[in-house]
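One structure is given below, encoded as structure tokens.
The chains carry the letters A, B, C, D, E, F and G, assigned in the order they are written, with residues numbered from 1 in each.
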Amino acid sequence: MKLREEQTILRIVSKLLLPFILLFALYVQFHGDYGPGGGFQAGVIFATGIVLYGLVFGLEAAETALPPRWLQVLMPLGLLLYAGVGVANILLGGEYLNYNTLDAHDPVHGQHLGILLVELGVGITVAAVMVSVFYAFSDRGKD
Amino acid sequence: MTGLALLLEQLPALQVVLPLLAAPVCVLLRRPNLVWALSCLTSLGCLGIALTLARQIYPHGVISYAMGGWAPPFGIEYRLDELSVFMLVVVSLAASLVLIGARQSIQREIPADRIHLLYAAVLLMLTGSLGIISTGDAFNLFVFLEIASLSTYALVAMGRQRRALVAAFQYLVLGTIGGTFILIGVGLLYMMTGTLNMQDMAERLPPVLHTTTALAALAFLVIGAALKLALLPLHIWLPNAYTFAPSMISALLAAISTKVAAYVLIRFVYGIYDLRWSGLNLPLNDVLALLAVAAMLFASYVAVRQQEVKRLLAWSSLAQIGYIVLGLSLATSAGLAASTLHILNHAVIKAGLFVAVAAVLFRQGGSTLQLADLAGLSRGMPWTTAAIIAGGLGLIGVPLTAGFVSKWALLQALIESGTWLYVAALLASSLLAVIYVWRIIEACTASTGDRDIQRREAPLGLQLSIWALVAMNLYLGINSSPGMRLATEASGRLLAPTAGVPL
Amino acid sequence: MTLLIESLSWVLLVAGSLMLVVGAVGLHRLPEFFTRTHAGSLTDTGGAGLILTGLMLQAGPNLIAVKLALILLFLWFTSPTASHVLAQSALRDGIKPEAEDETS
Amino acid sequence: MFTTALVAILIAMSLALARALLGPTVYDRILAINAFGTKTVLFIAVLGFFNGRPEFLDIALVYALINFVGTVAVLRFMHYPAEIFQSDNDGGGS
Amino acid sequence: MNFELIIDVVLLALLVATAIGIASLRQLFPVAMLAGIYSLLSACFFVLMDAVDVAFTEAAVGAGMVTVLFLATFALTSRTELPTRPRRRQAALIAVFLTGALLMLATRDMPHFAAADAPIHSHPLYERYTVTSNEEIAVPNVVTSVLASYRGYDTLGEVTVIFTAGIAVWMLLAGRSRRNKSAKGMQH
Amino acid sequence: MLDAILGLFNYWIAIGLMMTGLYIVIAHTNLVKKIIGLNIFQTSVFILYISMGKIQGGTAPILAEGTLIYSNPLPHVLILTAIVVGVATTALGLALIVRIYEAYGSAEEDEIVNKDRRA
Amino acid sequence: MSFEPASAMLLAVLLPLAGAGLIALCHRWPNLRETVTLVTAAALFANVLTLVGPVLEGIRPDLLLIEILPGLGLRLTLEPLGMLFALVASGLWIVNSVYSIGYMRGNNEQHQTGFYVCFAIALAATQLLAMSGNLLTLLIGYEVLTFSTYPLVTHKRNAEARAGGRTYLGVLLFTSIALLLPAIVAVWYLAGTIEFRDGGVLQGMVTPATATALFALFLFGTGKAALMPFHRWLPAAMVAPTPVSALLHAVAVVKAGVFTVTKVAVYIFGLDFLSVSGAAAPMLWVAVFTLLAASLVALSRDNLKARLAYSTVSQLAYIVLGASLATSMGVAGGAFHLVAHALGKITLFFCAGAIYTAMHKTQVSELDGMGRVMPFTFGAFLVASLSIIGLPPMGGTWSKWLLMSGAADAGLTIVLAVLAISSLLNIVYLLEIPMRGFLRPPAQTGGNGGIREAPLLCVAPLCLTAAGCVVLFFYPQPVLMLLDTWRLQ
């Protein structure tokens, strides 16, 4: 097919954009304290990047870049990270998700640390779920 | 403070977090038997925690737990009173008893590579249900309601027939509408009170009770909860969902989902609002009672006409939901106690019946069970037949079964409030129950005729689960004073007059 | 200096707005798909370019300007690409670039 | 001044939406919707300045990105569903 | 404020137009894209209402991921829908108008839009979040501090919801080789 | 009167949108369209919530120098969560539809019901 | 045995249950199984006999087993009425068991183990019922009896049996759930207790109108008492094997019904309250109507068992009538009739079964001349018929006498007349059978090969019970003594 030739422009542009997108996702992830954004949005943007890659270069290419096996680990991992922070708080003698306990001397720093970890957990799970949902749908059409 | 005492203080959170942690671990573990064992342990752990909490709460009263250390109403509060701890015990008990027997049945009905996901979904459903019960925050309730609902949709869809998918979809659409209605209701309430904490809401509501906004909020909350509860006429999703779900999942659904929805309804109409408030210019109890009566009669009637056992049981559940709603619509302590007790009793009875059906299906294969397929059951699986009979008698409300006690309590509450028509309806519904139960029993004892069915009893795990549930059923029927006392105390707390309430 | 930048950005903004409106009217009024593609591209590149540059002048040299530049970059990359692919698939789909004949 | 730009953008949005609703071909609609997306990006950008809090440009940035992905997705799924579903062995490349 | 109100009105009008378009179009691809537009528009509206985080999310999710999923579903299923049946339409209209009437009734006693003295702004929660949080958590984005700390438990629930959805989709769609087996099973 | 119209306008439109969404869910037989309807319904509820949080002359609740009025952040937080719930539901619903289509060869409710009835 | 009376009561309930378990275990060895049945029956009777002494002394053994709900427990209390019923039921079980063995083996019936198990459970239920200390316990015994006899009724497992079983269960459960249960809940609500107490618990708690309604609920609710229009189950249950019919009509089920009625009248309403408030009056007429109508229907039935069934309906109405008279004499008459009718009717059914076993005849019109072939059977039939009609020298005389005096006490002359008419009807429909047997010439086809009785295990019991009818006339003291104890208190 000459499909691929027709889409040269699309391929080049996408390849150019992709690093920006992933970088932007990281930015949103860690800039959430100061501006709009946070783990959830970052996860979605990251997933969108992978989706773009999959759309343009095919599912298998995407699956090589980010194998489904990883996703199956990352998905529960993010949730465990979030819930684990809470358990850590309990072990440190506070209520569940009481981030103040994370830093014995400076509760505000504890809060920052807690929010950072928790948002990371959100981001990981969301990105993994979104990508794996996309994979699942695309995978279905292979017949 | 010792570590143990410290841990005791954290139990309200651990109750919900335990299955929440176990679910992702299940996904990571992947080995079916391991995952099953983990789920069983988790649900038993939840049961243990619930019982420990009950031992604290029944003598000492409400426990408030501030999530994240933020005092309510600024953070999310877990607020456990007698009713919620009662429900915690019911849910975790039903989940443990069903899960113990689930291994073989699930193995037979679900593809091997999805079993660990299925158990994870079950645990998430448990998480959601326990979270709904524990929380004192209206929005948090919505979130956990959606966790429970989403996992339930997925579980229903895992049924073997293709109709399971359609049933799950129907459930999803209606469930989401219900959830969104609750979201609207919570939003309107938030608008009028400025808070999300249910306790705080209840305190700030009386001055604005006359506003149409507050009344509409109640209407939305009730409709939303009724959708999740499958109260007639919002019931259409339930028969299909129960019929086509994997058989052990039907047992879980029957024991947990609608019960938790009933709890949500009770929370809304008594925990936030109070049906007895005179400022409440809505004929809400009458409407609820009428719907309940309609459900009792119509659903029982439909159940009588069913040919498929799970569907029959599903319609019977709809009728039993009617009992629960009828009790709570009375707005009396006795009525609410009867409802609460019936939540427990019906959970045990129906779970037992569905597990027994699962046992039959395990030996027979297939995914639906026609009444005619039961022929010869009493010879091949006499113990399972006995369990089905015990459960059926419980549904009718024969003395010495759990069903009798709650029916007795409900009758008494109805007579106390002088609503003789409802008494008549309750009795009529019981009579219809006699008919549909008897159709099952007759089918079980019918001779096989020319067909030769080779059957033997289900594997030990399933039997264990069945007999634990039947034993619970009989125990609750014989020694129901403790259950009744707990239910009465629970309803008493909920109806206790609080300051500033315009009665 | 400030005044100069201010007025320049003002001019750019107004010009961009004008271009947007014209493009949109074109999108609406032009007879068939390919001509409308033209109008659309005009808006996306020209109008957006002008307005974003105007905003950049407003913002001054800081992160905001960088972001605006990024947006512009995105739009300039993606918009023509999208139009290009769209036109291509329309062609493949059998839509002929004939101005006279507006059929559905 | 931002007001002018906002008004212009809103007018453009309305016209694009009208085209999207009127059609007549699927491509007309997609084109219009795509153009609409671009306008939304501008709208958000200008609105930030109008409100005096221009640091929220991230949203506009995301829009620009999403818009592109959306368009690619439409074209992909409309015409070459087989292609993304099928492998494209050297496609990953680089 | 007045000009903001005009923007507000225009955006809402566009939203209504989009919604009607979605309801009436039967070519499903444009419908999916219009749904994306609907999200974009509501996100613009959210920005106008100062809800930048929500707008961010709505844009990324509603216009991005969800639209892609819709499109994928259409590609896997059908691209046009059948016309609705009149009786169904009537039933829908009745249900919808009942709900609408109830909601309209609810608006009668609502605090007015943007009124500063509405209960939700006078409740201590508001001040705690917008003022005190600066000392307690010291994160400039109040939404983040409320989301991740004050109501962090809600967010845990939110992640759980997403996780549940992930598991559910995986359970339903993964594993192509077994699917053929189960498809055979379905046809008995 | 005008005051009431302006003061409640947003809510009324949100209600109108909700009704449209609900109408799509109930009236349309295409399953995907139903899910789209659900999405519209939910998004309209979000609009209702977010309208609630707006304060006259307020700005986004991201703390900055100077004495600013911030709009109420709590509805924003709630809706963030609600959006996620919506996405999750949508994803699950669509996955179900894909499976339904594979099993029935149709994504129209009426046809599916007919096929079941015939079976 | 030196049990405490209270433990003996508990034992009376547990013994048959244990027997049922043992019978099920002895599934494979029929002889052992039947031995277990007989031993259990004998042990039960002996055990119940030990209770007679204490009860005659005026002791009321009382045992609270468990509290289901606060104030609502499983409670056993033994008073003279219950003693009488327990005695009759356990005594006749022995006879019935012997007969069953003959009948079941004679007819090669299926599922014999299940048959004996259900029988034993039914007996346990009657004991529970007889010794119940409150309405709840009574209800439990009542329901267990219903469910345990259902498999007996549908013993044949064919369509006819299932239809009969459906009517049986339908009527009994309908009445108990729709009428009896609400009546009990109402008593609980109105009086605050559902214990059986001397003089009743309702006095002063309810208005006469409520009392009337409640009494009606109780009487109709006790479907086993077969008051019209809830009598349909009784003829329907005739599809069962004859020993079951004997159990249903003589020993357990119907007697449980009338026992319930009498016990409720005496210990819940209290005779004084009942007569003062006039609550029983309407039901009196229902009983009278049932009595006459059932007799008339019996006349028109040719099927022997059906005729006997309607006769039972009519005879039960006597006992209900006795309770509804609300005088101690009337109740005593009813209670005595409980015994007399039990003995008489079980004999009649045994005879019917014997005829079926030996000759396979079921219709009255086929019995011409059979008396000469089966002299013992027909002789016993004659004796039992006379007893039921109430002619001396049979036990039934006393009950008719007591009932009539009761009616006279209450000043109800019409009732006297009705009793007289009914006795005449009894003569017509019951005596027709021995008359045909002995006086008519045998039908052409019938063999005249001398005496051809049913197996000994069938004939011996029926002779025994027929003898019992006679003994009861000459020696009614034990029963009267028991009833006296009750009246003294």
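General remarks:
Everything that follows uses one rule, which is that contacts are C-beta pairs under 8 Å (C-beta built on N, C-alpha and C of every residue); 3 or more make two chains touch, one makes a residue touch a chain.
The model shown is predicted, which means the values in this text are computed figures rather than measured ones.
Touching chain A and chain B together: E, F. Minimum number of contact steps separating chain E from chain G: 2.
Averaging Cα atoms per chain gives one point for each, and the point farthest from that of chain B is the centre of C. At the centre of the protein atoms shown, by the Cα-centroid criterion, sits B. One inter-chain figure worth recording: chain B and chain G are separated by 44 Å, centre to centre, where each centre is the mean of the chain's CA atoms. In terms of their C-alpha centroids, the spacing between chain A and chain G amounts to 79 Å. Chain D and chain F have Cα centroids separated by 21 Å. Annotation: 31 Å between the Cα-based centres of chain C and chain F.
Within chain G, not a single residue touches two or more of the remaining chains. Chain D has residues 13-14, 23, 30, 51, 55-56, 58-59, 61-62, 65-69, 72-73, 76, 78, 81 in contact with two or more other chains. Annotation for chain A: residues 10, 17, 28, 34-37, 40-41, 45, 48, 51, 55, 72, 75-76, 79, 83, 86, 96-97, 99, 133, 136-142 touch two or more other chains.
In summary, the structure contains touching chain pairs A-B, A-C, A-D, A-E, A-F, B-E, B-F, B-G, C-D, D-E, D-F, E-F.
The residues of chain G lying in touch with chain B in their complex are 66-70, 72, 74, 136, 139-140, 143, 147, 151, 157, 162, 166, 169-170, 173-174, 177-178, 181-182, 185-186, 188-189.
Residues 72-73, 75-77, 79-80, 83-84, 86-87, 90, 93-100 of chain A touch chain B in their complex.
On chain F, the positions that touch chain D within their shared complex are 59-60, 62, 64. Interface of chain F with chain A (complex): residues 60, 62, 80, 84, 91, 94-95, 98, 102.
Looking at the complex, you find that chain D touches chain F at residues 51-53, 55-56.
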